[in-house]
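The following pair of complexes shares a single chain, subunit A, combined with subunit B in the former and subunit C in the latter.
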Partner chain A sequence: MSAGLKFVQGNEACVEAALYAGLQFYAGYPITPSSEIAEHLAVRLPRVGGTFLQLEDEIASICAIIGASLTGCKVMTATSGPGFSLMQEGLGYAIMAEIPCVIVNVMRGGPSTGLPTCPSQGDICQARWGAHGDHAIIALTASTLQDVFEITVHAFNTAETYRTPVILLLDEVVGHMREKLVVPEAGAIATVDRLKTSLKLGMDYHPYLPREDGRLPMSDFGGQHRYNVTGLFHDMWGFPTQEPSMVHGLLRHLVDKIANNADSICRYKEYYLEDAHIVLISYGGSARSALHVVENRRVRGERLGLLELQTIWPFPYSVVESKCANARYIVVVEMNMGQVTRAVKRAVAHPDRVVLANRIDGVFITPTDIRNILRLIQGKGV
Partner chain B sequence: MERCRIVFSGAGGQGVITAAIILAEAAVLHEGLEATQTQSYGPEARGGATRAEVIIADAPIRYPKVTQPNVLVCLTQEAYNKYSGIIRPGGILLSDSRLVKPQSKVDARQASLPMYDSVIKEIGKPIVFNICMLGSVLGMTRIVSLESVTKSLQTHIPGEFFESSTRALALGAGLASNID
Partner chain C sequence: MSSDSRQPRLPAPELLISGHSACQGCGASVAMRLALKALGEQTIVVLPACCWSIIAGAFPYTSLRVPVIHSAFEAAGAVASGVRAALDITGQKNVQVLGWSGDGGTFDIGLQSLSGAVERNENVLFVCYDNEGYMNTGIQRSSATPQYAWTTTTPEKYPKETPKKNMADIMAAHKIPYAATTSVAFPDDLIFKFKKAARIQGSRFIHILSPCPPGWRIPSDQSIKVTRMATQCNVFPIYEIEAGDNYYINIEPEGVPVRDYLKAQGRFSHLSAEAIEQIQRRVDFEWERLLHKAMMKRFGE
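Let's look at the complex of A and B:
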């Protein structure tokens, strides 16, 4: 049995990956179906010299990780829909102040407290537009435990690279399911360290002055340099400004640093797309049901393929467009009322060929649910 | 190997979820197989019928839930009444002879074994009832070996109960070997 082989829940895979990526500080308020992330980190994080804090609510939790990140730590919090709603103000602050952090949302049925123990993928659009104001956001997801591990590491790397919050959208199925996980050896997956300024004490440090490559070296807050951090539009020292050219420049910077790097942020997997007449597009737990259908139909010679999205935001418009170019039908499989379907329709040349296969009753979408939609569009009846 | 889909059902507290985890873990960690384990949460976890699902295969498992089990275990009458209809035709339906009164109309090979009574008589600790049941499942199906499951027991069952668990496992396997 290999050293890194484990049989664990998806939430534990996320914990293993966060530690692998160098997590040092976690603050959270437990909520189903994400609680195992807090439960396991409460044990594991102190053992590697990190800090675990359980706080009074999710507002305090996101504020705590923002503060800890500024001091130089890699940070994370985990929650579900109701807690994610409470975190939106802090999320916007982290976007504006350019503070790296990872926010895990193990989605459950909503709105409100909704269906605490049932699967859903209803927070896709909240992840995109939950925080107010124009902004860009990065949101990632995964369908297998091995992918949960890799995508969690990618989330930390992306947060550090672009100095931005990254949202990891898991769902109840993936979070609670147990299956095989092989934890890679240290170094097998590259991890991105915090980019810190080389300027010494007494030298003029500009916390919000991007380098030529667009990245902004940080200085541990409370360390060598005094600077200001604010949710207001600010200048290169971090002090508030209403000067229109600076406001315009900062907003463009916040959006462009993600939009211009969408290709390197974008992760996806594809199965049998080369000659597919019908392309299924799915993500997270739903992608497992979709792949089940594709593999079973391929055995019978039907030309089905699957495009599994791992980066939801920024939405991979060009990938979806090119992969669907020859599709007669595109079936989006998700557990909501069409939140990714809407984006897919904007991406493809023929939006009328996009069909939604969904389930919104708290039950994990089954291969039969998808097969019924396929039969309908193939004119076979259910 | 043929893909094996198992549903363990019973009441909250009987240890059906623990049994499912131990079995699936044994398949992955000690036999090099693929396995997924899921469970139903929600109101069912509070005293009503509780249900844990395991798929074991030698190829990747995509859809991880079980809609039609090859092997169905029912440890309460309520679970039997609720789930006996979902069994795959020709599958194995294992129940406890003290706790469940089987009906004849199920299209499956039914085995009603005195697992609970044997555990009380031979070991005296009802807490290992679930492990005895797991032994019977292994005795009937040979999905994974008793040795592999014993290794999993070592990591899941605290010290003082490990010995009685291994006895319960052997007891359950023995009960299964007595049926035709």
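Let's look at the complex of A and C:
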């Protein structure tokens, strides 16, 4: 797609951004409400010399992108709730083997088959802890199509920078919403290329030995250097080990490489927070309704502000704490039973001031729903 | 012959009631209606994600008068195995367990679970109603999609190069007591096979060709006619495999060229004459192969 003004769907914006970021290989399995990502890539990816594969299920989808990424391509898959559940083992493998990949989850109502065509934000905690074992994860989200584009590029950049899977949590409304998108010129948004080792053929390459800056240069699998890849705990060559100090060191590394870089991974937007008495915290599609309420109330002179999170994991504790320091109330707007609310309560000085404004019935949360909670807080009745 | 005797003699029970939410001309609804007429009301339906999970689903349009468990997509074989075990433990051996999946739930995501179940020879009747794609999510390809057919993930410019998987042979390779193909265009054959399968113990598999007017790009009033052509031109032969080895062809083809079948459907409208000729050769070859398998039985007798 050429640069310039477009009128597209959220899933299509994600596709265009992935191609902008250098996507070469996509593997996926049809599932509502993410299928349009596959459908567009089936047409678009071969045109740019990439490969689109439809696989037999989501387990295969994530495992195929792991294989392609390791062997030298930028990769992505897309799915929704049930498929994301099936992907958890592969996700853990990509974390352990430090293989960059982007996993889009266009969230629908759950658990199980749930509400295939309805919006939800119920997979926030699954994104954090769905894979077994201790680990760190990066999960991003966006509320407008312009942001979907930028955050998708950021997802690819982050995956390459930290050699880790990145989860892009869209929701059904954002995925299916149509609005304008300005596709930037090539180069207008920085893209991170894969960091490849400078070691020559035959030299002893250590795939799991971080440089001083913490990054791990890659070597296309099966290429110039021979090394081992495993989901077991492993040494710097990738060979399995149970040696306690190595196990301890690797797990610390997997967690610390993300925790120590949380500030540069973290993205958020803020509206009218300088003097806000009531801070709304929201993300994804819900943030659109929250922003509407804030702007509406500002016209009437009420001091409301909005903190829109774009990085969900690692959770931006310090940002939330500082932005909410002077708030009388903090209202978390989300379409689940309080998955981000829990993290916000851990972040702020006064957890008792944190209130949840949510909807969990498959209906997109409206400004009226948020307004009703605000009226209760303000003692005005509903 | 009186006019009455030419009317199809459908068994009485009407276990799929009208007012359901299938599309016009949907073969899946016809298949279920006929299958349940043959099996009767002592049937439990295990249904993974597929078009039928929508057709059977929303109250008050829920349409099945038998118990339905809508399982996870990949799990019909496993869930049916569990249901069967509990029925046997509680002494309800006369209840039929019907695993009813689309082609995605049979050929693709459900294959592992199905293969596991039939390898254990679970006493379950597994059915694939095959509309040759993921129609419920907007017409994506499956491994049941025919070679070169248009879908949203196999656009005309980047077609599906591989032929359709032969599911009946895969099931037969498990040496299960009974595997068969049938079609909603041949209701007498379909009912006969379900009645026969109901009397057999162990794993049984019936593969039903089931048209999807939106996915096949055909007018809804043509769906049965087009589906009948699939058998008349040997694209979808109708046969049985007993004990994994003994093949019986049930419907003689009528020598219709494959071109007529392909030309009737929008999903093949982009095919060149060469592509059609190639498909014809493949169909002829597969038919010869099937004849040989059926002949082997005769030699063995």
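Convention: the second predicted complex is superposed on the first by the 379 of 382 C-alpha atoms of A that agree within 3 Å, B and C clash if a C-alpha of one lies under 4 Å from a C-alpha of the other, contacts with A are read in each partner's own complex, and residues count from 1 in each chain.
Everything below uses one rule, namely that a contact is a pair of C-beta atoms (placed from the backbone, for glycine too) under 8 Å apart; a residue touches a chain by one contact, two chains touch by 3 or more.
These numbers were taken from a predicted model, which means no experiment stands behind them.
Undergrad: After lining both complexes up on subunit A, report clash or fit for subunit B versus subunit C.
TA: Aligned on subunit A, subunit B and subunit C fit with no clash.
Undergrad: After superposition on the shared chain, which partner residues are touched by A:Phe364: those of subunit B (first), subunit C (second), both, or neither?
TA: A:Phe364: touches subunit B, not subunit C.
Undergrad: Would you check which partner chain A:Gln54 touches, where first means subunit B only, second means subunit C only, and both and neither mean what they say?
TA: Touch status of A:Gln54: second partner only.
Undergrad: Between subunit B and subunit C, whom does A:Tyr29 touch in the aligned arrangement: first, second, both, or neither?
TA: Second partner only, subunit C.
Undergrad: Quick one: classify A:Glu179 as touching subunit B (first), subunit C (second), both or neither.
TA: After superposing on A, A:Glu179 lies in contact with subunit B but is clear of subunit C.
Undergrad: Tell me which partner A:Lys74 touches in the superposition: subunit B (first), subunit C (second), both or neither.
TA: Neither partner.
Undergrad: On subunit A, which partner's contacts cover more residues, subunit B's or subunit C's?
TA: After superposition, B is the partner touching more of subunit A.
Undergrad: Once the shared chain is lined up, is A:Pro82 touching subunit B (first), subunit C (second), both, or neither of them?
TA: second
Undergrad: For the overlay built on chain A, what is the smallest gap between any CA atom of subunit B and any CA atom of subunit C, in Å?
TA: Minimum C-alpha separation, subunit B to subunit C: 7 Å.
Undergrad: Considering each complex separately, which residues of subunit A are in contact with subunit B in the first and with subunit C in the second?
TA: 32
Undergrad: Touching subunit A in the complex: which residues of subunit C?
TA: 49, 53, 70, 72-74, 104, 107-109, 111, 134, 137-138, 140-141, 143, 152-155, 157-158
Undergrad: Give every residue of subunit A touching subunit B within the complex, in rising order.
TA: On the subunit A side, the touching residues are 1, 5-7, 32-33, 116-118, 172-173, 176-180, 288-289, 291-292, 295, 364, 366-368.
Undergrad: In the complex, go through subunit A and note every residue touching subunit C.
TA: 29-32, 35, 38-39, 42-43, 46, 52, 54, 56-58, 82, 86, 112-113
Undergrad: Going by the contact rule set out above, which residues of subunit B touch subunit A in the complex?
TA: Interface residues on subunit B, with respect to subunit A: 21, 24-25, 28-30, 34-39, 41-42, 45, 61-65, 67.
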